[in-house]
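See below for the structure under consideration.
The chains carry the letters A, B, C, D, E and F, assigned in the order they are written, with residues numbered from 1 in each.
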Amino acid sequence: MIFITRRERFSAAHRLFNPEWSEEKNASFYGGCSNPNWHGHNYELWITVKGEIKQELGYLVDLKLLGSLVKEHIISKLDHKNINVEVDFMKGKMVSTENLAIAIWEELEPFLRQIDVDLHCVKIQETENNFVEYYG
Amino acid sequence: MIFITRRERFSAAHRLFNPEWSEEKNASFYGGCSNPNWHGHNYELWITVKGEIKQELGYLVDLKLLGSLVKEHIISKLDHKNINVEVDFMKGKMVSTENLAIAIWEELEPFLRQIDVDLHCVKIQETENNFVEYYG
Amino acid sequence: MIFITRRERFSAAHRLFNPEWSEEKNASFYGGCSNPNWHGHNYELWITVKGEIKQELGYLVDLKLLGSLVKEHIISKLDHKNINVEVDFMKGKMVSTENLAIAIWEELEPFLRQIDVDLHCVKIQETENNFVEYYG
Amino acid sequence: MIFITRRERFSAAHRLFNPEWSEEKNASFYGGCSNPNWHGHNYELWITVKGEIKQELGYLVDLKLLGSLVKEHIISKLDHKNINVEVDFMKGKMVSTENLAIAIWEELEPFLRQIDVDLHCVKIQETENNFVEYYG
Amino acid sequence: MIFITRRERFSAAHRLFNPEWSEEKNASFYGGCSNPNWHGHNYELWITVKGEIKQELGYLVDLKLLGSLVKEHIISKLDHKNINVEVDFMKGKMVSTENLAIAIWEELEPFLRQIDVDLHCVKIQETENNFVEYYG
Amino acid sequence: MIFITRRERFSAAHRLFNPEWSEEKNASFYGGCSNPNWHGHNYELWITVKGEIKQELGYLVDLKLLGSLVKEHIISKLDHKNINVEVDFMKGKMVSTENLAIAIWEELEPFLRQIDVDLHCVKIQETENNFVEYYG
């Protein structure tokens, strides 16, 4: 069993916002992170997959293929977007890094199964001081 | 003559947008960077000042004082904000990193003169792959 | 189950020193790391907590609250201090990164339980070439 | 139980190449990574060991000893070398990062057992965008 | 006058080798860096250009255009290549980072003039511990 | 003219302290940075030299020679030391990063002249948020 990790990046706008609450309640719970005019980040996304090395090929997975799947199904939907407004798989959700990691797992996992690797971890770094990890 | 640099950070939303152009023209020139729903970045700001070492104190400037001036006059206005909409010193300007560097210079320079240091460089890193430097 | 990590930093002096040994024995075992005049580091501390996402809030924990607990109970006692001499929870211990990680776990864990998250890992990076992880 | 990690680095040439295939088949599977004239990387190697803190010494392992074992048995054989051509423990193998991680584990593990620590993980970062982890 | 910098990366093989010297003399002067079997690096390339902000556009240069010129004329010739053997603009030269920086300047500068910016600096980082800067 | 930079690192203890002042005055001016029990940092030192490429050798300077001079004359005196107490070239000086940069210039410059390169800049990074540059 071996683990391989691919990093991709995206820059996006978001706000912490619970649509069932008033603006005042959102502001009191989430502070500046709930600014109605949005703010944004350079997110770093690490996708870790695991499995057995394919004997003939000598690797677990073609990293270019892995990268292109992540770009096609995840990055293209997030990069230079407003996550609250424009990202189908985040519709109706509070746009925390936690929820984003889970949603990316759910979006990406079926495509990884098709190329015969197991998704092990979705890690998202929001700033240099915090990151989230989800293991399914 | 010695140079000392202080780094501060802010996370903000923006878009490249020329208010004298139509949305279509903005989109054709700036592409995804002009997304009307905004996107954002973790910006890193380096403020470099220069001068003679103050003999009795043994340093050029109290870094905590320098940091607090940058936070008060610059970071507090940018962090978790929408730069196009909410930042007074960017009103009516195209929110490029270039224009942001010049505006930060103009905002900050008078306060640095009051503490007896010369502003040498404003550097803004927008992503790990690009940064702007302005020397006045 | 989701994992979230907060980074905090501190700069401190220390030495590797076993108080039950002579200076000579300390020097022979720990070399320059046991310099009686001290040396120091910029330490990076990563606190990883785990748990279920709080449904109404959409996150595991308020990162500002987590950060302020780490600052209040850990960073304020270590930053710009001599770890051997001034840090109550390291008294009488050999000030290795290993012992520091365990002591930080023991100091911090009760406060994290009060905000309803489980401490998962204390990671301390001493230099760019080494770090310690403790999982309780 | 505590975990401690040591980073070492090496710069080396390699190519992805399955000696049982023709050059054409290698090129079609591995693309530019199979360039017959080689390419290279700055590899970062993280060796994580685990165990109980040695009570009298107050640490898990002398980091200088750990570092010197990694340098003697691994780095000296890889740094400024051609991994396909010159590294005994990679002879006859497809020089992927995955295979390199496993081979380093097998080379290093007996020497670590001699100094009474358990090897936990071999991590190799090939570029800033990908890394491999092997846990035995 | 404003300065903007774009980073691109390439991974390549090379050796320090003076073709007018014997292998023995090369080895004695350049040591392991002259290994006849090659070694390699992840190079980071920073291209800094300078000029006036274009008033209507609000920026100095379209970063995507700058990046694509660097990729087309420089990176595509270096990435996953052997610099000594395969790179036309390094033919017959000692492949030091110094000579590489100068050659990249000479290759790139005419194309930058066509998009109306002045090349200010070519910086190449070969490892985390050394880099070269050339200002023309 | 080409510029080449070598990075070296050292970990040391220090305090900001003007020996002509009382402890109280030192504390009031320098705050926690003047803690009488010391604190410390992982310092990063960048030495930039400049000159013409030596035609026959194809480089400005042998980086290993440059590194070994920096290690011999600077790093060996600072690493795992108390800068205020143990470093001859800092005796009687306020141990600010500014004064350290100037002292390192004065120590190192004669040795660099002997190997026929011009010292261009001494840069010291004290934490990830601040650094000093001295150009002589």
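Simple rule for what comes next: contacts are C-beta pairs under 8 Å (C-beta built on N, C-alpha and C of every residue); 3 or more make two chains touch, one makes a residue touch a chain.
Only a predicted model underlies this, so the values are computations on that prediction, with no experimental measurement involved.
Interface comparison, C-F versus B-F: the higher number of contacting C-beta pairs is recorded for C-F. Repeated interface: E-F and one of A-D, A-B or C-F share more than half of their contact pairs by residue number, and that pair is A-D.
Once the centre of each chain is set as its mean CA position, chain D and chain E turn out to be 28 Å apart.
Separating the centre of chain A from that of chain E, both taken as means of CA atoms, is a distance of 34 Å.
Each of the following residues of chain A touches two or more other chains: 128. Taken together, the chain E residues at the contact with chain D in this complex read 9, 11-14, 32-33, 35, 37-42, 79-82, 85-86, 127-128. By the touch criterion given at the top, residues 1-8, 48, 53, 56-60, 63-64, 67 of chain B touch chain F in their complex.
Residue ranges of chain D in contact with chain A, taken from their complex: 16, 18, 29, 31, 93-99, 101-102, 128-135.
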